[in-house]
Amino acid sequence: MLLSVAALILIVPSLLDALYLRVFISSVIFTIAATGTAVLYARLGLVSLAQVALVGVGGWVTLRMWHATGLPFEVNMLAGAIISGVVGMLIGLPALRMRGLFLALITLMGAAGFQILVTGTQFPNGGDGVLGIAVTSIFMPRPLLGESDEAMLRYVCVVAVLCFLLVEFNRRTRPGRAWALIRKSEACAMASGVNVAFYKAWGFALAGFIAGIAGALLAGTLGVLDATTFPASESILLFALTVVGGAYHWLGLVLTGLLFRAAPAVLNDIGVNGHLAYVIFGAGLLHALITAPTGIAGQILDGLTQLAKRRAGR
Amino acid sequence: MIEIRDVSVSFGGVRALTNLTVNLADPVVGIIGPNGAGKTTLLNVFSGFVTPGWGSICAFDTDLLAMRPHQRARWGLRRSFQTEQVVDDLSVADNVRAMLDSLPVTSRSERERQIEKALTYVHLEGKADELGSALNTYERRMVELAKTLVGSPKIVLLDEPGAGLRDEEVDALRQTILGINEQFGAMTLLIDHDVEMIAATCISTVVLDFGELLAFGPTAEILKDDRVKAAYLGIEEAE
Amino acid sequence: MYGVFLVAGLALGAIYALSGVGLVVLYRSTGVLNIAYGAIGAMGAMLAWQLEQMQYPEPVAWVAALLAATLLSLAYGRLVAPYLSYREPVVKAVATLGFALMILGTANYFWVEAPRRLYLFTDAMGFEVLDVRITGTRALVLIATLATTFGIAIFLKHTRIGLLMQALANKRELSSVLGVPVIRIETYAWLISGVLAGFTGLMFGDLVRPNPGALTFLVIPAIAAAIVGRLESLPMTLAGGLIIGVVESMSTLIKPIAPYRSIAPFVVAAILLLWLQRNRKLTFSGHD
Amino acid sequence: MSAILEIDNLNVVRGHKPVLRNLSLRIEAGKTVALLGPNGAGKSSLVLAMAGVLPIASGIISLDGQNLVNRPPEIIRRSGIAAILEGHQVLTDLTVEENLRVAGFYLGQEDLLAEMNKAYEIFPELLELRKRLAGTLSGGQQQMVAVAHALMAKPKFILADELSLGLAPVIVKRLMSVLEALANKGCGILLIEQFTHVALRLADYVYVINRGRVHFQGLPAEVQANPRVLHEAYLAGDFELAKS
Amino acid sequence: LALTLSGTAFAQQKLYGLNTGKAASGQPILVGSVVGKTGPDDFSAGALAAKAYFDCVNSNGGINGRPIQFLIEDDQWKPEVAGQVASKLVKDRGVVALVGNGSFVEMTVNAKLYEQENVAVVASACAVRECFEAKNIASTNQGPVPSNIAAVQWAIEKLGTKKVACIGLNIPSNGVWSCNLTNEWLKEKGLSGVSVLMNPGAPDANSALLEAVASGADTFLMSLPAGLAQAFLKAGQDQNLRDKYKWVAPTPLYKQGIPESIGAYWGDKVHVAIELTKWDGAGPDGKRWLAVMDKYGAKSDPRDTFSQAGFVSANIFVDALLKMDPKKIDRANVTKALKAVKNYRTDLLCGPWYFGDADFHQPNHASMIVTITKTGFKSETGCFDPSGKYFDKIRAMEKAQKLTGS
């Protein structure tokens, strides 16, 4: 499994042209972000509609760190991820008392607030002080291992795999079991000795951390960021697509990333009018939500098991 | 030894428990009473989901109410719920392991030993690796029971564990409950509407009615009590 | 000075409150938080503008706006929503984003960005309060908000349909087993909310600007007002909307935060909600 | 005129799994039919299918010759079949009284009040609780509301899934006499009970099902006289399980 | 008569490029354009005008026989998409240059790519600061700063303005930047200005209006996109403030449909500084622009300032290429040729245009003032170059590098 993924990561980037290199880099980055959404949704039964905003937080911190210190990208990325994890935890604090739609909406308020703040402050581009904006944007350089688009695509893929593994590790150990109990019922979890508040906060922190990584990678790819990338509506869309792709399996998250970034790019590339693309995209979203309740990945996997069964039956 | 002193609970204007005072000492104690008598509420007070207006519960010389819910679990309080809570996408062993995660059982081998012992005790040793979703109602009940038995429990609270089981299964459950004290050293409080089961397992029984203590004593005597018959069993006219 | 901003804030708050009320009404009966609410209203407003351009009399524009919004709302309610009825509320809510994108794309396709202005006869009326002129349109928004808030609250409480709507919102499947004609009742709810969306869109088209994008995403601050009412209480939603408006307007007076005053809805909603929840214990599964 | 609720060769699939397989069964007005079977036999699925909640793959459900297959639940309810679903299902955000009003909303105002009063007579507990949100009731109290829902509908047939679950013996007794009275008045009853003896005492006819199939049908006396009937039916399931 | 004739002949010649009347059939020259089309506003007018002109050139001999293949990409107002489509044009398709770019986000994201790949951009709708401060981008429009200042300078001279409230978007590289520079300019003149910043998504222009009123200014400078400026005017009308204040604005309000949509109430009360010359200018290039648009553009293509700017960009490009050896038209040579453009004169611009080799490009900085009447726009001034240090610096640089002298 891991081997074939490694082979894919090695080969595919060298086959793509410049446009699709860029498109796939973005797709993988948002696959990573969706991984965070999925931790909350699939493992804890909670919904965060602030994930794209947290990606923004991670990107902001990464840029700020680089302009301030000039440290290697990976260090800044870690800082971005940690801060974004903390912010994620703060946004998730109300989750200790709420769940369901309410909680989702509270996180949406967080995302909307971020949108306004960051429109006003913009992302660091080399200006003085904490909030300073430079006359001419200074671009943060790519990470050493990702200087060309081709290398960058490999770089984000490797980070994505690491993020999957991080989540998988959490899922298979203590936090994973605690989350499973909480999802079933908080009362039951408490009666089982689970510190519900802690493990919920842990889930939000992990989701935020992963979003931060995605943000850092986005900043690393583009060198500068812009507030228009992180409106609240994008956070809603990312969650919707996580459901459409399938939150319970990594394949679903890969699909989420592709739907979020590659699908619009393909429509744009083949010259579909941007407004009509919205219509197609919206209709596709509705269609997928209706016809694939377990997500597209769920359907694919279901189909495969059925097929395997039928083969075995014969 | 559990001392319940003056425990009162009200939800808004509804009094669910009124000045409940009783000392429980037997290995298996039954709690019965009409619907809405306050049985589940009493269990919720034990596990900390409901904070009583006043009163105290002292168990094995520990003030139970002073602890937060998950701390009580670490201390040794266990409970099952009126609707079962087995997690579908965890294996049977993981369902039990989740309980041990937050208990101060340090060594890995000790944990595995305890899981095995509990699963063997409820006759699920062969299903340790199956997912929760593959179990039937009875097996799910048994997983819940196994969960309450790991990590040296002191008190096990069971809320209608027999509901929805068929007769032979109830028999098996009965045997399981009876052995808890001997095998795991915990004291069991059992709520059930199945009087036969109460009679067969509980040494003494608490009867609640409208949040008040209606009667308390050895089970056989209690079930003969006229007030209990009238309020709970509904056999006053028949005899 | 303060008075001026207070009055302006109330006028602004009425905008938030009006759409908040529309959102809550639908949510209470169908369990759908309609993110497409703004888009539906926008479509109504654009149509009204178009008809005004084509020199139709104003009443025709009004009717067309309400009708278009109602039809859109009904279309979603009848054709799409039933397929999602068994999904969790969040999924039902985000699904409406798909509908919003469809409407927004269509509107933008037909009405490419251009200078536009919607005229309503109420614009010409007006009176002064504390040095602020309140136009007829703003007054109408405030009155309509008050009227719908209390009218609908009474309707939901005292009529059979209101009761059945509540039942549906609570448990759809059980309600149908109990004999509630699900489709019919839900149709009423989508109808009412469609009319409200159309009216809101028309008012916003006048007060904000007839621009599909701007009107579509106004739904997010409107959700803030609805949150204050816990998606349930109409009077609280009204209060929430007004408070948000006043806070936003008053923060103009505090220099450092003035440019960021649009954040008010979100901050106010979060704070009020946390405060209203302060006594709640940890949640139990299945309860929001 | 006596109504008949008939099920013929019913097949129901949940997920990818057939849960009812060519199941046939018949309930006559005024008669009580007990449906027995181990956990997962498909009893609840049958009730859900009959109530119109589960889609039916093939087969016939007919009430006096009128086909009810895949009709919406509210139509089935209105035509006189009231299901009491498993697991004390109530409208949690509504008060007890509102719950009853919803269940009988299509009756006239007077009828509604009359039925409501009848329900309160059977469950005086509910009268006291009528202003409470149903979600805050105890498990047993909720079950009373669920039964009252069915009574409000003035049904020709009642499908009762695990009626006594979580109810105090005193209430179970009361309920059983309510069912008896209903049957005497001409209502057909499908009774699903884990307490076999309770069910057998009340029933006029018994079906034992397992794994979605009928394994035995006959008079309660036959089952009582020969408990092996039950055991064999239950074991049949295990046997199949071992095979597959 | 002779004079008009020769004028038409001149226009004719330029209108048809090489004026051969024959379609070009050689190897196409790839040219790209990145515009923000799908989003809060449509910035594609410049590219559409450029396309019309390129079509015209192609059917008249092309660039010495080689047709221009023009690829327009929509950045959808999204930085990532902007990066993607620029990569596509510059790397995958290998365009020799970009012409007619107009966007809010594209220049910021791609400035570095253009520099690395040595491709020159003759933009036509720059809106943010980064666009004017990039090495390889020069635009034919002037952006908010000169336009703001021109409007204010005129208001001081003609309307007696003393204190200005600059109403802008709370975006650092747009509203904050342009309002700050305007305020600095006012300070230099011994007057004062305040910024009133609002969020792009703000629903209600009313509080911005009240804030502006509270600032004590006598003149409101609406440095906003047309939609928001209009909302601001509407709030002003609601409060009936028309006659209590002076109302001026930079270019965005110079747009078809504005007089009708803001309404007769505002007739003769709103004054706009425009970045290029008037649409109905009588100059040969002005006429040629409209003629090309009519013949080669779509009916729905806007005929506005940005269309003019796109037309100018395309002309600059074609003129530069026509001078080159058609066999040597590659990116490096085109970039060199474009950067060498100086003292380019057209009646569509108020001043001469140049690309130059600097880190900073503001070739277009002279404006005209128009007043919005009930039915249209009325000229107040001819072209003038605003005074002040900001412009002195630019003019000094132009002189030193001989970019404008003839």
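Odds and ends about this structure:
In this document, chain identifiers A, B, C, D and E correspond to the written order of the chains, with residue numbering beginning at 1 in each.
The definition used in the following text is that a residue touches a chain if its C-beta (ideal position, glycine included) is under 8 Å from a C-beta of that chain, and two chains touch if they have at least 3 such contacts.
Since the structure is predicted, the reported quantities are computational estimates derived from the model, not experimental observations.
Each step here moves to a touching chain, and the least such steps from subunit A to subunit D number 2. The pair with more inter-chain C-beta contacts, choosing from A-E and C-D, is A-E.
Chain centres here are Cα averages; for subunit B and subunit D they lie 29 Å apart. In this assembly, the C-alpha centroid of subunit A lies 43 Å from the C-alpha centroid of subunit B. Look at where the CA atoms of subunit C average out and do the same for subunit E: the two points lie 38 Å apart. A separation of 78 Å divides the Cα centre of subunit B from that of subunit E. Of all residues in subunit B, those that touch two or more other chains are 49.
With touch defined as above, residues shared between interfaces to two or more other chains in subunit E number as follows: 38-39, 170, 197, 199, 201.
Counting only residues that touch two or more partner chains, subunit C has 108, 217, 221, 259-260, 262, 281, 284, 287.
Contact residues on subunit E toward subunit C in their complex (touch as defined above): 38-42, 170, 196-199, 201-204, 206-207, 210-211, 214, 226-228, 230-231, 234, 238-240, 255-258, 261-263, 300. Residues of subunit A that touch subunit C in their complex: 47, 49, 94, 96-106, 108-110, 112-113, 116-117, 120, 183-188, 190, 196-197, 231-233, 236-237, 239-240, 243, 273, 275-286, 289-290, 293. Subunit C meets subunit A in the complex at residues 33, 35, 80, 83-84, 87-91, 93-95, 97-106, 108-109, 217, 220-221, 223-224, 227, 230-231, 259-260, 262-263, 265-267, 269-270, 273-274, 277, 280-288. Subunit A makes touch with subunit E in their complex at residues 17-19, 21-23, 26, 115-116, 119-122, 133, 135-137, 139, 149, 218, 221-229, 261, 264-265, 268-269, 273-275, 277-278. Taken together, the subunit E residues at the contact with subunit A in this complex read 37-39, 73-74, 76-81, 83-85, 87-88, 90-92, 104-105, 108-109, 111-112, 129-130, 133-134, 170-173, 197, 199-201, 359.
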